[in-house]
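Labels run A, B, C and D following the written order; every chain starts at residue 1.
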Amino acid sequence: MTVREMLNRSYKQVIYLGLFLSLAIPLISPIGLPVPLQPTTLGVYNKIESLKSGDVAVIGSNIGAAIYAEVYPQYIAVLEHLFRKPGVKILLVGHGTEAPIWAERALKEINAYNRKTYGTDFVHLGYIAGEEAAIAGLCRDVHALLKVDYGGKPLGDLPMMKDIRNAKDFTIVVDFTASADSQYWLNQAYASYGTAIGFGLTAIKVPDAYAYYMAGQIFGIIESLSGAAQYENLIRRPGMAVTGMDAQSLAHLLYIALMVLCNLIFLAQGRAKK
Amino acid sequence: MLMAGKLSWAVITLVFSVLMLVALYLASKKIYVPQIREHAGIHAISEAIGRAAEMGRPVSFSPGTSSIYDAKYAGDTAAALRILDHVAREAIKSGSKLIVGIAPPTVLPVAQAIVKTAYTAEGKAEEYVEGDTVRFYSPDQWGFASSYMGMMHRERVAANFLFGGHAAEALILAETGATVGAMQVSGSTNVYQLPMFIVSCDYTLIGEDQLAAAAYLSPDPAQKGVVFGQDLTKLISVALIVIGALLATVGSKILSAFLRS
Amino acid sequence: MAGIWRSIASFILLVVSLVILFDFALKDATLQSLATDLNNWAVVVGAFALGIGAYSLILRHGRMITKKGRMWPYSAMLIVTMIVFVVTGLVTGSITSPQYNWIYSTFVMPVSSTLYGMNAFFIASASYRAFKARSWEAVVLLVAAVFIMLKNAPVGGVISPVLPQIGGVIWDFAGATGMRALLIGIGIGTLALGLRVIIGQEKTPLGGAE
Amino acid sequence: MIDPATSSILISTTLILAIYTILYRENPAFRIGEHLMVGATVGNAIVLAIFQIRDLAWRKLQSGFATGNISGMAYILPMILGVFLYFQFSSKLRYLARVSIALMLAVGLSLSIRGLIFVNVIGQIQGALAPLTNIQSIAYVIGVVCALLYFVYERRASNMAGPLPKIGRYVLMLTMGAYFANTIMGRLSIVIGTLTSLFVAPAWYLIPVAFLIIIADALIRRKGSTPS
């Protein structure tokens, strides 16, 4: 059996192996293929970079298993960036029961509890039930809506929360989500209190948000895995997004190559028949 | 009282329904029986079944993973069941073994009844095997997909039909069919899965094609009338788009205001 | 007897459909609660349908086990797994119990995500087989796919920033034309088929013509 | 004894690899994965259905009878209709099942009609009404009209439209190509997620084992096929 016969008979298996390799190699040893920087990602980076000591960053933590692959790497990268900024206070709050579990996982992953003091520099509020009304309540009066944090500690006992009462005290909000709550933040915090808003979104959600970006209503968008990879490059901490993008790039190249190759063979066969 | 923002819905649903029912009536009274062009995919169904019979290999059918009370794909499922009736009769006539794989439990009793009736009508009631001709795999999308894949490989199906509301398993089923060398005809109204069917099946009934095929395949020729009704409503839609865009160009928002009301 | 029940079925089909359709446009509390109840009813009846599925499945695999067919050990595995899930679920009384969570995340979740991800492999083989420029239609399909990939993957922008822009133009065009027509057609087609079923012209989805 | 977390990883990794072997060929490992998956998902669905009947129907029925609420008591009806489905297997009482199916079908079709007319038809027509002031919006209107005319089935009307339905078919193919390519990133993210979970110990050790088995099988099969 010649190589050609084997390829003819089991070309699919060869393609599958090729795809496996183009995904596995970058995961094992990242190549660092270039990812062009988008202005939307830079918008988020610059805004966070400009935060001064005492500023408050609210992080909308709405990660779930469904959007994990696209949004979680963005979330990690932004948290890491915030934790590098001395004196910046971080407030985490989410929707849905699953959200706080992912938030805690992310905090552990960046070693948050050993880098900043819980209660003084950052607070995890857990999740608030209720759609837009919940965000409206949070913007109006945090202490009226919530009495305790995710761990059950009274908010009054947390030094940081003494200075944070309503959306006027939020310097920025970065919401990580794939659902309508990005809109809620825009309606409640931006429209009513003028708080600066940025998003970390799945690819599907980006077109809607892009209109707000063009209108100057939000300072930036981190777009899916590629946005996360750009952010990891900006903060010089290549992580799961950069390796993921390597794999994405290689796989896309493979698909395009396969489409070209099949057409070349098709044309060659057509000519041979003539 | 009419709810705010639903006036246009009420008007359009009513006008479209009346047009369709009138067209259906005209056809049933033989006043106007429209000539409907046949989709290449419908002819391909018979071709695929004939080929399977020649090869002595089975025919498989999936009516999708959406239940009959699905709020979006119920019509898709209903159309798939109409096509199942056609495929079952053709397959039984040709003498091929028929395997129907089912995911949603609500579709199961309907599919069983359709296939059983088809076998009885062709005088081959003894060939229908309870639990085996119409197979319930799993209500779970991936449980179903793994079984259907395994079935296509093991039975070496020669004709595979994928209709109705398929979700992300669409490409998996269709590519497996291509791998085992089956001729495949598919259809769906799930716009995200149609591209998958188009690239890996021989013929695909795109969106409305499948819904119109449900009327076209009906043994009662009067049902073709409704397809003409569909055409009329589409021409109205075309007119609305063209007139509305022209009105918008000259600065009038009257039509889009109506649609929003 | 049969005739009466057949009329009842037609009656239910028509009345339930009208209630739910009118509920969409009319502001009426009674209608709304009736529509909600009918919707829940369908879900309850649907839950009963699973019993038919389970019966059908057990019948088929039970037959294979008793006949000791080629596949009987797999059939036995299937039945045992099914029983383990049902017993664990019912004994712990909740699908969120740690035990149930363990079997679910060990058996169901990895296989689901594997099959879902397997699409990537099938996209590769489909790319090689289906995108041959046999006809102008296939050429259009191919060109659109390649430019959208170059828009989505960072490689496109690295080769030339124009490529993602072309991809963007194609994407916007596709969404505003083909997708729009497809969606309108599906709406119209569903109305037509739905009407025929509701007024009793199409009986197949009820279980075949009698 | 291995702890539950590790054993979960080992079992799930084995299952992942077993399912992946279908890409090579249909084989016993895949069959095991397949049948376990079906058993597990059907079992899961049965548990869910029982809880659903309990929470959605039985509890409402109980409280309905306790408080005399008619809407609650009425939940006896879907339960009877649920039982009716089983008459499907009786040749004499088959028509009873049709009543239950009629209810479900009516709910599904009417919900679909109202949603699809509202979102698909009205929403999309409204989306198409942009002023024709630039090339782009003119192209959009021509494109959507051609694509709609492709879906005209009556012969004479279709012929009258001339080449437009044919152009519409190209527009649809362009759309399909674009939407095909656009799903790729999402699908890749999922497979990358799965592979990432495989590339950590102890799951990692199972990958070479799987590959060795496949290679061995390929060699045996090749040897087996040479004499013929």
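In the analysis below, a contact is a pair of C-beta atoms (placed from the backbone, for glycine too) under 8 Å apart; a residue touches a chain by one contact, two chains touch by 3 or more.
Worth saying up front: this structure is predicted, and the values here are computed from it rather than measured.
*Asks:* Which chain pair racks up the highest number of C-beta contacts?
*Replies:* So the pair of chains linked by the most contacts is C-D.
*Asks:* Cα centroid separation between subunit C and subunit D, in whole Å?
*Replies:* Computed from C-alpha means, the inter-chain centre distance equals 3 Å.
*Asks:* Distance between subunit A and subunit B based on Cα centroids, please, to the nearest Å.
*Replies:* Going by mean C-alpha positions, subunit A sits 39 Å from subunit B.
*Asks:* Can you work out the whole-Å distance between the CA centroids of subunit A and subunit D?
*Replies:* Measuring from centre to centre gives 27 Å for this pair.
*Asks:* How many angstrom lie between the CA centroids of subunit B and subunit D, rounded to a whole number?
*Replies:* Subunit B and subunit D have C-alpha centres separated by 15 Å.
*Asks:* Specify, in ascending order, the residues of subunit A that touch 2 or more different other chains.
*Replies:* 12, 16, 23, 203, 248, 251-252, 255
*Asks:* By residue number and range, which residues of subunit C touch two or more other chains?
*Replies:* Expected reply: 21, 24, 42-43, 45-46, 49-50, 52-54, 57, 108, 111, 115-116, 118-121, 123, 125, 127, 129, 131, 141-142, 145-146, 149, 152-153, 179, 182-186, 188, 190-191, 193-194, 197, 205-207, 210.
*Asks:* Which positions in subunit D are in touch with at least two other chains?
*Replies:* Counting only residues that touch two or more other chains, subunit D contributes 19, 22-23, 31, 33-34, 37-38, 40-42, 44-45, 85, 88, 94, 97, 101, 104-105, 107-109, 111-114, 116-118, 121, 125, 128, 144, 148, 151, 172-173, 176-177, 179-180, 183-185, 188, 190-191, 193.
*Asks:* Can you name every pair of chains that touch?
*Replies:* By the stated definition, chains touch in these pairs: A-C, A-D, B-C, B-D, C-D.
*Asks:* Name, in rising order, each residue of subunit D that touches subunit A in their complex.
*Replies:* Touching subunit A: residues 23-24, 184-186, 188-193, 195-196, 199, 222 of subunit D.
*Asks:* Would you mind writing out the residues of subunit A in touch with subunit D in their complex?
*Replies:* Touch residues, subunit A against subunit D: 1, 12-13, 16, 23-24, 27-28, 68-70, 203, 224-225, 240, 244, 247-248, 251-252, 255.
*Asks:* For subunit A, which residues are in contact with subunit C within the complex?
*Replies:* Residue list for subunit A touching subunit C: 11-12, 15-16, 18-20, 23, 33-36, 203, 226, 229, 245, 248-249, 251-256, 258-259, 261-263, 266.
*Asks:* Mind pulling up the subunit D residues that touch subunit C in the complex?
*Replies:* Subunit D residues touching subunit C: 4, 7-8, 11-13, 15-16, 19-20, 22-23, 31-53, 56-57, 71, 74-75, 77-79, 81-83, 85-86, 88, 94-114, 116-121, 123-125, 127-128, 136, 139-140, 143-144, 146-148, 150-151, 168-185, 187-188, 190-191, 193-194.
*Asks:* Considering only the defined contacts, which subunit C positions touch subunit B in the complex?
*Replies:* Result: residues 21, 24-28, 42-43, 45-46, 49-50, 52-57, 59-60, 63, 108, 111-112, 115-116, 118-119, 122-123, 125-127, 129-131, 141, 179, 182-186, 188-197, 199, 201-202, 204-210 of subunit C touch subunit B.
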